[in-house]
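Here's the structure we're looking at; comments come further down.
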Amino acid sequence: MALMTPEQFEESLKKLKPKVYMNGKQVEDILENRNTRTVVEANKASYAWALDPRYKDIMTCHSLLIDDAVNRYTHVSAGTEDLVKKAEAGTFTAEMLGTCIYRCAGYDAFHSLAGTTWEMDRDLGTEYHPRFLEYLKMVQTKDLAVAGALTEPRGSRSKKTLDWPDPYLSLKIVDKNKEGIVVRGAKINISGAYASHELAVLPQAAHFKGEEDYAVAFATPVDADGITFVCQYTPYSAERDMAEDIEELGNPVFGQRETSMVVFDNVFVPWERVFHCGEYAYSGKLVSRFARTHRMTCGGTCKVGFMNQIIGASKLIQEYKGLEKATHINDQLMEMVVLRETSRACGLAAAHKGTEEPLGSGVFLPDEIMGNVSKLNVCNAFWRVMALAGDIGGGLIVTLPSLKELKNPEVKDFVEEFYSFGSDEPTENIMKVHKLLQNWTAGLHGVGTWHGAGPVMAQKIMLQRVIDYEHEKNLVKQTLKLKEKK
Amino acid sequence: MALMTPEQFEESLKKLKPKVYMNGKQVEDILENRNTRTVVEANKASYAWALDPRYKDIMTCHSLLIDDAVNRYTHVSAGTEDLVKKAEAGTFTAEMLGTCIYRCAGYDAFHSLAGTTWEMDRDLGTEYHPRFLEYLKMVQTKDLAVAGALTEPRGSRSKKTLDWPDPYLSLKIVDKNKEGIVVRGAKINISGAYASHELAVLPQAAHFKGEEDYAVAFATPVDADGITFVCQYTPYSAERDMAEDIEELGNPVFGQRETSMVVFDNVFVPWERVFHCGEYAYSGKLVSRFARTHRMTCGGTCKVGFMNQIIGASKLIQEYKGLEKATHINDQLMEMVVLRETSRACGLAAAHKGTEEPLGSGVFLPDEIMGNVSKLNVCNAFWRVMALAGDIGGGLIVTLPSLKELKNPEVKDFVEEFYSFGSDEPTENIMKVHKLLQNWTAGLHGVGTWHGAGPVMAQKIMLQRVIDYEHEKNLVKQTLKLKEKK
Amino acid sequence: MALMTPEQFEESLKKLKPKVYMNGKQVEDILENRNTRTVVEANKASYAWALDPRYKDIMTCHSLLIDDAVNRYTHVSAGTEDLVKKAEAGTFTAEMLGTCIYRCAGYDAFHSLAGTTWEMDRDLGTEYHPRFLEYLKMVQTKDLAVAGALTEPRGSRSKKTLDWPDPYLSLKIVDKNKEGIVVRGAKINISGAYASHELAVLPQAAHFKGEEDYAVAFATPVDADGITFVCQYTPYSAERDMAEDIEELGNPVFGQRETSMVVFDNVFVPWERVFHCGEYAYSGKLVSRFARTHRMTCGGTCKVGFMNQIIGASKLIQEYKGLEKATHINDQLMEMVVLRETSRACGLAAAHKGTEEPLGSGVFLPDEIMGNVSKLNVCNAFWRVMALAGDIGGGLIVTLPSLKELKNPEVKDFVEEFYSFGSDEPTENIMKVHKLLQNWTAGLHGVGTWHGAGPVMAQKIMLQRVIDYEHEKNLVKQTLKLKEKK
Amino acid sequence: MALMTPEQFEESLKKLKPKVYMNGKQVEDILENRNTRTVVEANKASYAWALDPRYKDIMTCHSLLIDDAVNRYTHVSAGTEDLVKKAEAGTFTAEMLGTCIYRCAGYDAFHSLAGTTWEMDRDLGTEYHPRFLEYLKMVQTKDLAVAGALTEPRGSRSKKTLDWPDPYLSLKIVDKNKEGIVVRGAKINISGAYASHELAVLPQAAHFKGEEDYAVAFATPVDADGITFVCQYTPYSAERDMAEDIEELGNPVFGQRETSMVVFDNVFVPWERVFHCGEYAYSGKLVSRFARTHRMTCGGTCKVGFMNQIIGASKLIQEYKGLEKATHINDQLMEMVVLRETSRACGLAAAHKGTEEPLGSGVFLPDEIMGNVSKLNVCNAFWRVMALAGDIGGGLIVTLPSLKELKNPEVKDFVEEFYSFGSDEPTENIMKVHKLLQNWTAGLHGVGTWHGAGPVMAQKIMLQRVIDYEHEKNLVKQTLKLKEKK
């Protein structure tokens, strides 16, 4: 069987030497650095679940490509049942980790590449599809973790790509030769890629005549020459660096949400890993098919999992405070559940109404309208859930002293006494649950959830493109028996 | 085949003589009175669709009970596929009529009675279930239209049923004998029942020891002795009464939404039509199973159909005004679509996640949480859609002169000229579409949608009852490795 | 003293013979027709209050122009105290009538004309300002009711005025001579003008070179030759026409909200009543100053009065039902109060922050940003208040039978019994309060409130024009000590 | 003149030796510790402004008590003009600091104490009022910074104070003698108190018979024996501790928002500083008058200042990205302005409608309803503003690398290139403005704003207490001419 154990996964990472910088310094070992370690742990968990009898139904499936069980995150959906499972896996991984599974964008990139390479070959006679399938077989056989990368720095939004002063603000082919291509540019806001084996790189935007060099998609090992990761560094990174014990933190093992800018400074990619190269008319399709897949999961269903963590912590604090019968708290908890179930419903509906795209490709994508609706709803829902959790958690969420004070002989008795709520719950537990809510309500997730899978405007633009009003207009014409035009 | 033609349906109604009052006078013939006629037309349409090849898939299904095709509105769902079809039928009928199909509450009452009579028989050794099945066979074989009735006048909400000064503010058994029972009381806000063949009557609320006489469910012809319908009379009723031609109206054929109070003044019901009689512990189950079914449809999916009418009219007005490129209008139309799709998603998810209830009964009901979430969302969504349509439609929606002015020689030229928007659309069309939006945004539907299937508090109470937080709490405990209690 | 008694007002109307059409027929006497009578009653009330010691402080003020007490609705605000009183009067009249005081747009037109005629004279050497003051003195001395008129039919919004197929879709000067001007066109959605003495007519929009003939403002008696009123006719009009007794209606005396299209078919206006004629650069100022004044009142403060009616009725129904202790109802009532107070606050703040505009004119207008904010908030707030009142009122609001049933011997006992809520309140009262809420929640007010003083887009455009971000940007630059640009 | 220079203020702090703990260790010098220093800086600024000709009108006023100019934050409002200035000062300090002025709760405590001591003396013959005035004179004369403290740990909310296992979960008098009283307990979530001279301590809640020992209010120096400050420690604290240069941070000088738990472990307070001692019937008044004052400022107007920082940064990012013409961004900025102006309006209206409370005391408090409305609105508005800023700021707000990377020779060129947006703005500026938005949208302010001046439930409870519906009910009765009850 192709599946690696978590230990094998960790060993496999040791063989890679990605060039990673954080907080002004190089990260010598991503398995050791406290912040990069959280990404290792999250991806590692996905290997453990695939072998765990309790979770293998959701985390694995049978691949016809290699006729073997594979991790679901390497599989391209071939029907609506696959999509429903994909939606459920989005929730499962998110609620188990309390943060991203960093393999999600790669999984979605596979969906986009599978269909679009098939379509390019059909339309243009290129040979991208078999090349991609070979690549995917390799990924499945070796059970690799693959991160996806789309977002780019970009120049002024009021100017076109070709008018930007720096041509590399979008990733660009700078050389082509018999062996392959050389690219320069950067991808930004890329989730946890350095702890994967591979990067699947797609364009960020539609391209047009003259922009052929920007129309490029490929895969590359994370430690290819010329790749540099410049990591985010947030207050939560600093807190993790300074902690005496990760148990002090709001999400001890898996952390907040880690990203980096991935710089491609003249990186060589051999042809067998190039899946799109100059056919600008298909760049937009690669993006929009990725988005169509990603919006169901990242937009909708994984936030169901996040909300579960928030709801659980809010419920615990209600109990610690003796507020089980407070109507307004129960009402707020219920409002969170309603928002969560609405997200779940949109994700499920997107999956159930999924269709083959493009027709004949064998690749199934979630319903376009429903996926975008899912993401639009979750943007607002998530901030609202944060606000509600903040209400229930109370000011203490953001005014909590360090858990270190529980070991500080001069104040620990005070802390034990005055943060106990007079309950029989260990004060340490009470403080930790508050810390977890701090992690959710005073951290990166509000903005992160909004922008993951694109900000609302991206969904709105897509909806404007696909909504058709003929059915609705005809209903009115029929109801009113309207006359023909003059 | 059991299915009646629409003409047969109309003939069948003529044989019934329900006692109906409206606007202070008796309605001599519900087929002739302009306002009651709208209900006849709506129900009649459901007979036409069942025979129409375009719609029979959605409007009919095979009944194992009589081994024949039956109208879906007489069928009890036996699996999630039935529930998905039921959800789709809710949208279909609503968008075709632009108002209620008045058979929906009866359809849902069947779901509740099927499961609960089975359960009572199992638990108590009663014989309600076979009796109900016999009744249902008769309904299917004769292809009858059956209205449902639950809501009651009630007394002060701060007092218990037995403490109300008038015992009949909830429907009550006043006599029992060998042949059957006699009931007195009233059901209020009952949708369009007088143009059905039968009424299926359930309790409105859970009942308790001492309230055995209120624990009653039965079926009765609409013209049984002692039944009186006192119809609503709204500004829209007056307008229809006064119109020279129904084409002047916002929904010419099917009208706004018609209800009545149904008074039961010592009505006799024979035992073979009594399905619940004194077993108070099951009254609440009858209500909550009805609600569970009704909230998916009336709460969620039929409003998708209503919104389609509103969206279509808004789009037409946008075009009449030459506003196709106005960003803010396109944004508002899209917002309506997002609200509509969210309703659709919740309805579909409720159906897909439906379960057998009670286990072993063979009756499938939508997912309880999702159905309630569906209804909660739609309450707010519908008012918002009204507001958005009001914005697009403009002040003219509510300031429109009568369409009669188009025939008034003294002003018709002015009206033609000044309501044309300078477009090549007939002014009559423009005025009619505005009239249709008046019907939706300045009529009964805001309040009606909110209260159909129960007001938000009913959904909240049910959600409070069924939501369980153990899964979520355990996720947090696992993430933080919380200690045991002191 | 200049003030007329209400009886004198009614007499004075009898001398005017406006040409009015409604529901396909001419209205012979606006004092007799049931629907036009509501407008007469509303305006008449404003004469009564001015003489009532309880209300004269709010309804009158001293005019320096004629050195006498005048009705506030003929006065131009000369300071922020006047504006505060104006805001309070907006609330007072609205809550007393439960609908519009139809003198409000005229009042606001005076504010716009007073400042802009002064400015035109200063800039262009015209003589509009003294002419307007003479007109205003006459209005004050005779204590006339003056309606304002701006909104026009317009052609395709994607074309310019001069490109519309019909040049009269905006009101246009078609002739000028020594005595005056002749205009053709129409004003639509005009509130209750036929029961005023005079119309003050402003342009609807900014005008540009070539559109001089559209740049026109003037006053005219309502019965000038060529003026025709084509009245709205809504379900509520039909209901009033059909009522046996106006006590059956939701707002018996003052009705819903009456408007008409006012057609100007070659109407002559003498020069002494022309206040703007061709100076297109000032058309936009006339509109925006009107809007600036109108948004505080019509946008904000009068809706406080409407909400008071809605809140009062909701509270009464809560009590009738015995729901005084229901937390969720109390919460909803409070939410209505919060929305109402927010409207009040924005209106008051607009008044307190009002400024002289243009500088030197002596005319005070409310703060531009705050007035627009007030209107934007109220658009959403009012629909929300409607939804909440609909929840509290219950389905009965829209399913209520006619009050005539209380006199129908065949059903009156049932109606008395089953709509009593088992309370000691007369059933007639209960039904009437429901009818009043029907009037508010299932009528014209949602759309009407949104569009009164212009739809949200109008406010947004104005805000985009006046908001300046320099102060805010400088705060950030100072906090971060940002460097100069490269 | 009584006013200290900022340097004198800093010197004066050096003489105090409060016992402060943070992150498990004692803070040796609050002027040196990076996190406590932010509080020193914020308070220090208030001394500078008072002497700055640009700001002295807002930051100072004349005290009749000492017949001299005093810092406004030591003054008790004696009329609505004072309240308007107080509201404006709330905005001014907040926008200048980008965080709290830590003197605000003390300022509001003075308002509460001034009126309630007067009332106790009048009702009970106590002598608290002159004692308090002596204290206030001393504060004004010495120009002291005084923090306020109310919130307490509390035990189970389902139990009464006297039933908590630990009697000190609310602050309690444990001894009384001739010289004064001794108290034990804690105050939590106390804003920045350690960098003030004094603490003004009020009860947190109403008290009842048997709870006399909890009915206590007093003032104390921050370094009195037995007082210990246990400071919050958040990710932002860690980040500040780890920064090489505070210029890396989102609010370099003034920080996020600092609080601590203040433990009173048998603290002695001499009688001349005790203002409430056992008169439990007045404890609730002390709390509610504090809240009434605090909700206008902390609830409403200071958030106007915070929003100004957020709006300014969002606008700058829009410009950096070349999105000046993006309709949806302009719409979002406008929405922020509307939310801000609504907050401002409610605050201003609360001030303008302020009243003397209690009557005869000479103390003016903001309007109770309006102040609570202000706070309720801002709770939701602030989260919405955060969400909108997050949209405009983009994912980069939370994925930004450390500003240290600009000095890291291995990546600085990449960072300069790829975070430039191709604009001519220094990349450092761009990164800093993103960092400032991180500070606002991924930090403590969402939860902090919600809970400052009490969570929404506190406002709702107060509104329920003071809203009266008689006026509104009477309007309806008059409109409908309702009959008397049966």
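Just so it is clear, A, B, C and D label the chains in written order, and each chain counts residues from 1 on its own.
Please note the rule applied: a contact is a pair of C-beta atoms (placed from the backbone, for glycine too) under 8 Å apart; a residue touches a chain by one contact, two chains touch by 3 or more.
Being a predicted model, the structure only gives us computed values, none of them experimental.
**Student:** With respect to inter-chain C-beta contacts, which pair, A-D or C-D, contains the greater number?
**Tutor:** Counting C-beta pairs in contact for A-D and C-D gives the edge to A-D.
**Student:** For B-C, find its twin among A-D, C-D or A-B: the pair where over half of the contact pairs carry the same residue numbers.
**Tutor:** Repeat interface, by the over-half criterion: A-D.
**Student:** Between chain A and chain C, what is the gap in Å from one C-alpha centre to the other?
**Tutor:** Here the centre of chain C sits 52 Å away from the centre of chain A.
**Student:** In whole angstrom, what separates the CA-based centres of chain C and chain D?
**Tutor:** Using C-alpha averages as centres, the distance is 41 Å.
**Student:** With centres defined as the mean C-alpha position, give me the chain A-chain D separation in Å.
**Tutor:** Inter-chain centre distance comes to 38 Å.
**Student:** Could you list the positions in chain C whose residues touch two or more of the other chains?
**Tutor:** Touching at least two other chains: 460.
**Student:** Quick one: in the complex, what on chain A touches chain B?
**Tutor:** 95-96, 98, 247, 251-254, 308-309, 311-313, 315-316, 330-331, 333-334, 337-338, 341-342, 344-346, 348-350, 352-353, 369-370, 373-374, 376-377, 424-426, 428-429, 432-433, 435-436, 460, 463-464, 467, 469, 471-476, 479-483, 485-486
**Student:** Which stretch or stretches of chain B touch chain C in the complex?
**Tutor:** Touching chain C from chain B are residues 21-26, 151, 153-159, 164-166, 168-169, 186, 188-189, 228, 230-239, 241-242, 244, 257, 259-261, 263, 265, 321-326, 328, 379-380, 383-384, 386-387, 390-391, 393-402, 404-405, 407-408, 410-411, 414-415, 417-423, 438, 441-444, 446-448, 450-452, 455-457, 460.
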